[in-house]
Amino acid sequence: IVTHGLADPGRADRRVRINVSGMKFDTRERVLLRYPQTLLGDTVRRQRYYVPEEEEYFFDRHRPSFEGIFRYYQTGKIKRPSNVPLDVFAAELAYFDMGNLVIDTFLTEEGYDVSKDTLPEKEPQRTVWLLFESQESILSKLVGLVTVCFILLSVGTSCTETLPHFRNLTDQSFAHTGDVKTNLNIAFHNTFFQIETACIAWFCIELALRFYASPLKTRFVKDIMNILDFVVIVPYFVSLFLIMANVDVTGSNIIPGTIVRLLRLVRVFRIFKLSRHMRSLQMLGATLRASAPQLIMLVFFMAILVILYASIIYFMEMDHPDHFFPSIPEAFWWAIITLTTVGYGDIYPQTPLGKAFACICVISGILVIAMPLPIVTKNFEKFYKKNGNNPFKNLPLDNHRGS
Amino acid sequence: IVTHGLADPGRADRRVRINVSGMKFDTRERVLLRYPQTLLGDTVRRQRYYVPEEEEYFFDRHRPSFEGIFRYYQTGKIKRPSNVPLDVFAAELAYFDMGNLVIDTFLTEEGYDVSKDTLPEKEPQRTVWLLFESQESILSKLVGLVTVCFILLSVGTSCTETLPHFRNLTDQSFAHTGDVKTNLNIAFHNTFFQIETACIAWFCIELALRFYASPLKTRFVKDIMNILDFVVIVPYFVSLFLIMANVDVTGSNIIPGTIVRLLRLVRVFRIFKLSRHMRSLQMLGATLRASAPQLIMLVFFMAILVILYASIIYFMEMDHPDHFFPSIPEAFWWAIITLTTVGYGDIYPQTPLGKAFACICVISGILVIAMPLPIVTKNFEKFYKKNGNNPFKNLPLDNHRGS
Amino acid sequence: IVTHGLADPGRADRRVRINVSGMKFDTRERVLLRYPQTLLGDTVRRQRYYVPEEEEYFFDRHRPSFEGIFRYYQTGKIKRPSNVPLDVFAAELAYFDMGNLVIDTFLTEEGYDVSKDTLPEKEPQRTVWLLFESQESILSKLVGLVTVCFILLSVGTSCTETLPHFRNLTDQSFAHTGDVKTNLNIAFHNTFFQIETACIAWFCIELALRFYASPLKTRFVKDIMNILDFVVIVPYFVSLFLIMANVDVTGSNIIPGTIVRLLRLVRVFRIFKLSRHMRSLQMLGATLRASAPQLIMLVFFMAILVILYASIIYFMEMDHPDHFFPSIPEAFWWAIITLTTVGYGDIYPQTPLGKAFACICVISGILVIAMPLPIVTKNFEKFYKKNGNNPFKNLPLDNHRGS
Amino acid sequence: IVTHGLADPGRADRRVRINVSGMKFDTRERVLLRYPQTLLGDTVRRQRYYVPEEEEYFFDRHRPSFEGIFRYYQTGKIKRPSNVPLDVFAAELAYFDMGNLVIDTFLTEEGYDVSKDTLPEKEPQRTVWLLFESQESILSKLVGLVTVCFILLSVGTSCTETLPHFRNLTDQSFAHTGDVKTNLNIAFHNTFFQIETACIAWFCIELALRFYASPLKTRFVKDIMNILDFVVIVPYFVSLFLIMANVDVTGSNIIPGTIVRLLRLVRVFRIFKLSRHMRSLQMLGATLRASAPQLIMLVFFMAILVILYASIIYFMEMDHPDHFFPSIPEAFWWAIITLTTVGYGDIYPQTPLGKAFACICVISGILVIAMPLPIVTKNFEKFYKKNGNNPFKNLPLDNHRGS
């Protein structure tokens, strides 16, 4: 007869047999007692599964999964056996009551995001937060849709106003020739400026309310998406300031001209605001973050190849009377466009030697780009699958703790 | 001694041992009784395999497959173990008599199409149906071949008639200068119109007969392929109507001109009629349907990149005297052609900054296109394998129900 | 006590236990007796491994491999378990004496070529055969090297003679203005013709000797590589005939001009003769043969897309005053060059609609080309691995039959 | 009762049972005694794990790993089971004390570099070696950073001096019109020459100190990276010699001109010096070395296709009045640029036949390039993973020898 309890100091070395649907696992008591909160580590709870005739603990559970759970007791590391599906293993982890820490570690390793959102506790912050940050109620979905529409409208306007047809209208809002009052008058009668004002109004309201509702203000301020939300509003107020200050930015003054251009460009970045509303953009972002080392490596490899190949082609093509390579830095362009197989055809080698070399250039370009690609695509697949259901949400109901 | 029958309420908890060629599975009677229609769930049928000396049920069957079958009793989910080939697992499913529902679920998960065709019951519909819809008899194959020939002839004509050499002949059939009778006379002496009439005649007959033979008229009408069959016939009758109505469509009237162009374009879509006769086109279609989320995502990512990169390059290239980017929407074209590495060379950046940026543009384009590709190619491989033999058609003959 | 022999009719149903290094396989005598030539099927030979105390047959062999061997007795199909390396499984197949048929079936399934060469029995054919067909002796390697040199020389000449610098020399050998004697005189003083004559002489000798040595003449004649060997010799003799017949082929006569061109082109195909001497070219050929269905499908898909997209772009670009698409067949070229992302830039869409459509065109082209690629690359990997050592050549020496 | 010791000659055939956490392995004493240095092969050491009641050796260890360790005793080959992670298997190898030879063999097979660096024994060589060759102390990291900066400065100068803006300055340092003194004076007042002198000084010092500290001089001299280090220094001293010897290299003398060009090109190769300091470049190098057979094959395939396609297109396009293919060698360029889908657009086919053929050319190019790519990318992934932690550095602390 086996006794259960920590009283007996010598029993830690006793052999324990666990029979999982016919697959038998032998270990010592000591190993199981490493995790006393789990079903197997708790001598009292596991007693229920003891079969005295066979002197073993019998579990009518998934056998291959238990290999991974058993390994946790032996090594302290949780890993799903490669031939067991995620949801099956998740169910077994829950059955054997491995604890939230183990499950979170496991989920993180499988690529799941286990961080939880913090909901504000007080009203009316809670209502506002649910309206803007969650996508669960119909009203919050509507708010999201309105924001998406304003984003698209804003970006669309930024692109459209550069069309030759609208050039006059666009220049108008930046030509500050009269006094402040006239300028403002012209600006607010300009259709583009009106649309812009409407968009900015909505973006400001949304950002302000979300900041108001945010339970952790410092975390809110540090969040890259919120910084973006703020940055893309700024250009409007700078424009307004330029109008007020009566600064002429249409002329040949280089510095204000560059500033205006930057202001107009920043408005296009509003398209990234979509990522708050589109899961697929979040996946892309997560993939790029996870693949950052590979991407940096790719850019680094390409930089080396570009410098090398540009130098070689420069010296090779030097003798051709109409060569396209006046200097090595200008040959960089050829190297980039050839390595990536774009091949605009604006510059290309013309000497036999240069042509032969271009072949090496293209093939090595394809190789160097192809090398890190599988790592990046695997990352994407991982994040893509992760967007499926959390395996711990749909657990089968035969959890033993409920019976 | 173990008794078999549901009479004894206490025996559901009794341990049962199943020995599959030496691999032992322990469970409780209750688990097996969940599926009483199966071989293991039926206490009477399984009795035959009982070995009293060993107190176990002995099956001289494939061991790794049984891991997957056993899991079905434990969790209600059927999944082929990854190291077991499809046909072996199918044979084991049949041996253990898991039932059509389980087998269909399993096949659907493996990518097979388990929906059955409905054959009309009455004659002559049945004969007509077999002639046009199945590809099994020689006669039906011949009918299929004739249709394919007419499709190719029809598409070939549509392409050929645009050649400068045949331009006069083509224009003739759309120039309605005289009265109806003259128009019709001209039209029916035109070689292209004669070929078109022959094709349309066959397509009409085929569609009408298939509709006549169809056992489920509403399903027939809703089927996308049948709608296509109908749509590609329409242009001919509209042309005929235009001739009758004596509408001049060769002139500068924009609306009728567009209509004629659409009519002529629709005729080329007849090429999709081939998909009824070519398995590989059906595979392509199934792959694209299954990969729709990835493809939408790909287009969405590209749209964002195109807008962003077009804006950036527009502001970067603005200062170059002969730049190719008059507006952001026109820069979209450059962004598309660069992201996809086509690089026609009609427009390209010329400032050093623009060139450096183009590098980022190309690399990110390759990455974004490459990301969803493995998912799409895996879908294709799945559908491609599916076109092999159904694993339940070639089962080994040692099925226990036959012995 | 278990008796061994086929005398007892009732014993076929007796249970047999096989212990492979601790992994136990239970089956019935009947199953093992299906293959009496094998170690396990032969009751006398297997007796040696019987352990009476345990009532089992004990084999101190690789456990996971036996899963695959055991399955052969149960289902008659041989398949290597996915987690067992090829050479290990091969060693186990040999140990359990599964017979050449099983091993050949298995090797064929793994992608190995198990067909054996037939060596001629008599001399001197045998010596000649070993010299030209095997690559094992130093002399045969030297002969191979000479052939490769002649191939390269011949192909190199074919390419070089088209250079403007050598144009006169090339034309000379085809200008038959004088009488036969003069023509021959001119020809045989022409350096290119001299080289050609030397190459042809070697190729003729080699082909004649190989035919002479070939043990199966009909198989030799039907072999595609031998047909190629013959075809690439023919142009020389046709040239010689033209010189003899005094046919002028330099003038504007279209038919003889085309013939001369074909003759000159055929000479370049001699490069395929290399495949007899380069394993990597044989691999490429085997991959292309094995991937033929996918390649046909790829070409078929592209053909459909090209027809469709060419038609659409034709109607879309029609209104642009300087459009590049005079007819649908001429738009095919654009569609091909865009689908494959080559983008020469000689023709491209210019209307906004056409540009937007080109984007779809490129993306679908990438998708359609990418889809069958993994199947083709997997075929290549299979054939590439196959070129490693035959797993049955380096078997471990602990084969039980030798002890 | 089982006795342990080599005294009894008959006991080598005795059966031994090893129970690894419930998974049982049966073998004969003889098999284990093959490797007497290992834990299982040493009858005295393994005695500790003997459980007399069960007549077996019990190990509370990872079960799936032991399959691979057990196989080593049977076949003498070490291989990690595919479903066991690397670090787990490494821990088990250490536990069962398989010895350094087995572990090194295993690591080499997994792609790890097990060669050890030889540290010089005496001072001050040891200090210098640690400073330049290891990257562990802060000071050695600083030295590495300085070297990287000098490399970048040197390569940057080489590229910049080709800019039209700096052309005069560049030519100056190569124009040797006056006497030696004047030349040297001009040179050392030239900014580019000053920078170059500084870089060379550092490179010389570094190379000299590393040579001084190197414990194995011959190995140092043969190392490809050290040869590179030396070669990229040479151009400076040749330049200096040219100045001293008063050789004019700016004129039309072809040979000195080519030498100067080579000298300037060699300086750009200094970028490869970075690979001593960047792990990712070492990975790229290792991948290319490991993929050399595939790359040679790829180049070989492309060469064959290029020759073949260039010949075909040459004869196809011959009749077009403005064709771009004056000779087959000039058509090589088109074939390369088309096979790789670069498509500069400088030359392209214009006849319908040539265009149709170009399609085949592109598709076969994509196929041929794609075929060896997965092998290359897998090599890269292997070397990329290898750069993670060595699995034997972070072993779990429950090693039995320490207890």
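All chains are identified by letter, namely A, B, C and D, in their written order; residue positions are counted from 1 within each chain.
In this text, a contact is a pair of C-beta atoms (placed from the backbone, for glycine too) under 8 Å apart; a residue touches a chain by one contact, two chains touch by 3 or more.
Just so it is clear, the structure is predicted and the values come from calculations on it, not from any experiment.
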Open item on the list: Among all chains, whose Cα centre is located farthest from the one for chain B?
Closed with: D
TODO: Would you mind reporting the rotation angle for the C-alpha fit of chain B onto chain C, rounded to the nearest 5 degrees?
DONE: 90
TODO: Would you mind working out whether chain A and chain D touch using mostly the same residue numbers, over half shared, or mostly different ones?
DONE: different
Open item on the list: Taking the mean of the CA coordinates per chain, how far is chain A from chain D in Å?
Closed with: 32
- [ ] Could you put a whole-Å number on the gap between the CA centroids of chain A and chain C?
- [x] 45
Open item on the list: Can you pull out the residues of chain C that are in contact with at least two other chains?
Closed with: 82-83, 329, 341-345, 373
Open item on the list: Show me the residue ranges of chain B that touch chain A in the complex, using the header's touch definition.
Closed with: 15, 17-18, 23-28, 31, 67, 70-71, 74-77, 79, 81-83, 297, 300-301, 304, 307-308, 310-312, 314-315, 318, 326-329, 338, 341-345, 348, 352, 355, 358-359, 362-363, 366-368, 370-375
Open item on the list: Quick check: in the complex, which residue numbers of chain C touch chain D?
Closed with: 19, 21-22, 51, 58, 60-64, 82-83, 85, 88, 91, 155, 158-160, 162-164, 261-262, 264-265, 268-269, 271, 274, 278, 280-281, 284, 287, 295, 298-299, 302, 329, 332-333, 336-337, 340-346, 369, 373, 376-378, 380-381, 384, 396
Open item on the list: Quick check: in the complex, which residue numbers of chain C touch chain A?
Closed with: 341, 343-345
